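What follows is a set of structures to go through.
One chain, subunit A, appears in both complexes that follow, with subunit B as partner in the first and subunit C in the second.
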Partner chain A sequence: MRRYIDFYLSSMRISILSQIQYRVANYFYMIGMITEPVIYLVVWSTIANQQGGIVGGYTAGTFAAYYIVWTLVRNMNIVFTPFGWEWRIREGNLSMELMRPMHPIHNDIAYFSGWKFVVILLWLPLAVFLTWVFKPTFDITWMEALVFFIAIWGAYLIRTMLLSLLGMITFWTTRVSAIFELYFGFELILSGRLVPMTLMPQWVQNLSNYLPFKWTFFFPIETLVGAMSTQELWAGVGMQVLWITIGASFLSLVWRAAIKQFSAVGG
Partner chain B sequence: MSSVVSISQLAKYYQVSEREGGLKASIASLFNRKYKNVKAVDGITFNIEAGEVVGFLGPNGAGKTTTLKMLSGLLHPTSGSVDVLGYEPRHRSHDYLRQITLVMGNRNQLTWDLPALDSFDLQRAVYGIPMDQFKATRDEFIELLELKDLVTKPVRNLSLGERMKMEIVAALLHRPKVLFLDEPTLGLDVTMQRRIRAFIAEYNKRYNATVLLTSHYMADVEALCKRVIVIHHGRILFDGDLSKLVNQFSSYKTLSLSLQNPDVDLSKYGEVVSKEDGRVTLRVPKAQTSQVTAKLLSELQVDDLTVEDAPVDDVIDQVFSQKEDA
Partner chain C sequence: MNTIKLAWTYMRIGMLNELQYRANFFIQLFQSAVAVGTGLIGLSLVFGQVDNLAGWSRGELLAVMGVHILMGGVIRSAIQPNMERLMNDVLNGTLDFALTKPADAQTLVSVREFRFWQLTDVVVGLVILVVAVTQLQAKMEALQIVAFVAALLMGAVLLYCVWLMVTSIAFWVIRVGDIVDLFQGLYAAGRWPVSVYPDWLRTGLTFLVPVAFAVTVPAEAMTNRLTGETMLFALGLTLLFVILARVVWLIGLRSYSGASA
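Coming up: the complex of A and B.
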């Protein structure tokens, strides 16, 4: 266990040092990334204002809050993608990682965790700017803040498991782009990334309860923006733990088959 | 001595799809795909003792890298058995991986934007190397490879040779007992090749490490390996001392001589390979070497004469061509 903690800290340190090397590029990347929520925000604020100031329980202020928190959650949700798996197999880098006495997933989780610290630092001035422009409405308790902090890391882990599972497909077929696009479509609709889930038709909301997507976007955002009871907050964290466990279990199963496939064909 | 690496009847077969070029063949392959069985490694057997440095030679596609990948656990054998340090590599147990290393010419375990020192520290964490041991090993390797001024530079600013030296340090920081080296000097200049060879020799001496090395540079093999295993089309053609390989397969010897009159025609003594700065190199059938040497000394005014075995490269070519003919 001590070795893993040491490894996680070392890998996170390497990641932070690497990202700092590219701070300007990172900043422009983040500025580019806020384009998507700003478009959603402008559209929904306009609709809210035209409909007497409220849509589905959201005011212009709460929409602003939703999409400002969205920007941080989106950045926290960036993980090693299936494209990355495709690249690491094609370039032979997976062979190098398999020579380490450690599962490659640890490196992915640790490296991207380190990146998050740089992301949060770079996000702060952007959040201040967006707050100044869009005047969000926040009413945050200490409990909500605590659960939010846990939930963004929970979201990160769920998405890591999901996208790593998708990445495993590259062991059987080298082109995963089409499957990833399909996943992205489902995620957009069922996670709260496009619009808050409460604005979706009831059947979509019901469906999302049985899928992992909403626990990666809507739930973390709602911990700060919505009005959840303490019980609901912790039940949400419980659901995240459940999906992380399910994801890790599937990953472990698929990994065993995938690595046999890799070993059989080479690389 | 006990065997550290022991493989018996090891085989790796692949099924690869094949088709003719063109659209018609491409469409036909959708409905009727044809497969070909490729025997990358075809029933090889050998043992390597602790502390041995063995050259693993063969042309491209002979099965060298496939064998190294099976030994390091990256590939599952089709049949046969592999035992390294008492482990079955395909299980890739963490205890096993901590005791071996695989260095490939194109391996990249260094973080591009940071000094190599940071990557070394990550290796420490990966292998759980105690800090004292890590610092001692790191500093020892830095000194041996003369890297002191380079380890603080970002990896992206290093030359290919400098990067390769860093890769080797990173791969050996955990002091592996068994080294699988696949073309470790590929693409490097002569000076850098020499330095890496010297380092591998020193590592082998200090830690009694077992080394299996593939290289297309015979200088690597001659400098490091007493024993060589020659593989071709997945089968072992020769396993024994390098000197024995030369004796067994070399059909000629090289005579190098300086004459008082370098313009004399020497073609009747043997094949003239080169004539430079008054020194002539002759290739003579092995069986006739003593006879030709005596003739040269008696018939010509010779200032200096040396008799050498054929270069190892030529001998290896000879091995392959003899086996192809057979």
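Coming up: the complex of A and C.
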């Protein structure tokens, strides 16, 4: 255990130090990323205003709150991508990571969670700007804030598991980009990334209850923006833990089969 | 003349290369289908609530979506691959190989890559556009189609100029790979007509990253919204950007130091 904690802390420190060097590059990325929610926000607040101020329980102000929190949640959701897995398997770089005396997923998790500290730091001015421009309405209790803090890390872990599993398909076939795109399409619709789930048709909402996606976007955002009871808040965290456990179990299962498929020279 | 011959030669090489991998066509088609599917879902969510968005009807927004996908295909087949290669060349010092060739360097770095299968999106975008126009039951006049094609061409040139200028930043900053994300993010804003956006954003999408001229204006041509003034303005802006891009490129090139080729 001690060994893992040491490893995580060092990896996180390394990633913070190296990512802070690339502030400009990181900012390019973040500004590009922020246009996506701004588009959704503009479209939906236009609709809310056209409808007399409210649509599906959201006003222009709560839409603004939703999509501003979205930007932080989205940043937390960035994990080692399936395209990264594809590259690492195709180029044989995985060989090097197999030399380490622990599962490569630990390095991914540690490195990206260190990066989050840089990202959050860079995100703050953007959040201030968006708040100033779009005037969100917030009503946050300390309990919601606490659950939000836990939920964004829960979302991070769930998405790490899901995207790693997706990326590991590359062990069996190299034509993966179409599968990835399909996955991201489903995620967009079923996670609350496109619109709050409550604006979706009922059957889509029902479907999303049985899938992990909404626990990575909709739930963490709603902890701050919505009005959930204490019980609902913690039940949500419970669902996140459940999905992390399911994801991790699948990951170790698939990994054992996958690694037998792997052959590479060099790397 | 030489420029066209050069571009055509590289295009042919690119095509021959990609035609070896026919299965990629189906993958590309599938990806386009996913993109169209999510786009249509977005539209139907909007029109489940209202019957027009800031004065644009469903059919008109479908036309915007068609142009957006079409132009996206142009970017990903001809503009983005060249600029990504340029970024890598500056980073690795391999731009030497382009600079030492006896052709204009800007032309050369702009035509070296061509992704044939990405043109699938151009076709898909056109199909959507035709469906949209049929839905609108608008009669197409020859002049309208000419205006549309002209607007589309100017839009593509404008986007190329902006890409080139921003990629030229690589001469000073070196690591600019994330610019691709920046562009894709901003380009996504073209999914909706720019008149939807608040003033500050609309200004940015008109003059900084002219998504307005690349997508909204051609779509306006197809939906009877285009005025002669807008066209003239687009022409002026295009000429200005062509000159600006040339200047930025030349200044940037002076800072290039191929270290390791």
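As a convention for this text, the second predicted complex is superposed on the first by the 262 of 267 C-alpha atoms of A that agree within 3 Å, B and C clash if a C-alpha of one lies under 4 Å from a C-alpha of the other, contacts with A are read in each partner's own complex, and residues count from 1 in each chain.
Note that contacts are C-beta pairs under 8 Å (C-beta built on N, C-alpha and C of every residue); 3 or more make two chains touch, one makes a residue touch a chain.
All values derive from a computational prediction rather than experimental measurement.
Asker: Which partner does A:Val128 reach: the first (subunit B), the second (subunit C), both, or neither?
Answerer: In the superposed model, A:Val128 contacts neither subunit B nor subunit C.
Asker: I'd like to know which partner A:Pro101 touches here: subunit B for first, subunit C for second, both or neither.
Answerer: A:Pro101 sits against subunit B, while subunit C stays out of touch.
Asker: Go through the superposed model and pick first if A:Gly92 touches only subunit B, second if only subunit C, both, or neither.
Answerer: first
Asker: With both complexes superposed on chain A, which partner does A:Ile39 reach: first (subunit B), second (subunit C), both or neither?
Answerer: After superposition on chain A, A:Ile39 lies in contact with subunit C alone.
Asker: Does the superposition put A:Ala227 against subunit B (first), subunit C (second), both, or neither?
Answerer: neither
Asker: See if subunit A has more residues touched by subunit B or by subunit C, and give me that chain.
Answerer: C
Asker: Contact-wise, after the overlay, does A:Ile140 reach subunit B, subunit C, both or neither (first, second, both, neither)?
Answerer: Touch status of A:Ile140: no partner.
Asker: Go through the superposed model and pick first if A:Tyr22 touches only subunit B, second if only subunit C, both, or neither.
Answerer: A:Tyr22: touches subunit B and subunit C.
Asker: For subunit A, which residues belong to both interfaces, subunit B and subunit C?
Answerer: Comparing the two interfaces on subunit A, one with subunit B and one with subunit C, the shared residues are 22.
Asker: If you look only at subunit B, which of its residues touch subunit A in the complex?
Answerer: Residue list for subunit B touching subunit A: 14, 66, 69, 72-76, 90, 92, 94-95, 97-98, 101-102, 104, 106-109, 111, 113-114, 118-119, 121-122, 124-128, 154.
Asker: Mind listing the subunit C positions that touch subunit A in their complex?
Answerer: Residues 23, 27, 30-31, 34-35, 37-38, 41-42, 45-46, 48-50, 53-54, 173, 175-179, 181-186, 188-189, 191-192, 196-198, 200-201.
Asker: Can you tell me which positions in subunit A touch subunit C when the two form their complex?
Answerer: Subunit A reaches subunit C through residues 22, 24-26, 28-29, 31-36, 38-39, 42-43, 46-47, 50-51, 55-56, 133, 175, 177-178, 181-182, 185, 188-189, 194-195, 199-201.
Asker: For subunit A, which residues are in contact with subunit B within the complex?
Answerer: Listed in rising order, the residues of subunit A that touch subunit B are 3, 6-7, 9-11, 13-14, 17-18, 21-22, 92-93, 95-96, 98-102, 260, 263-267.
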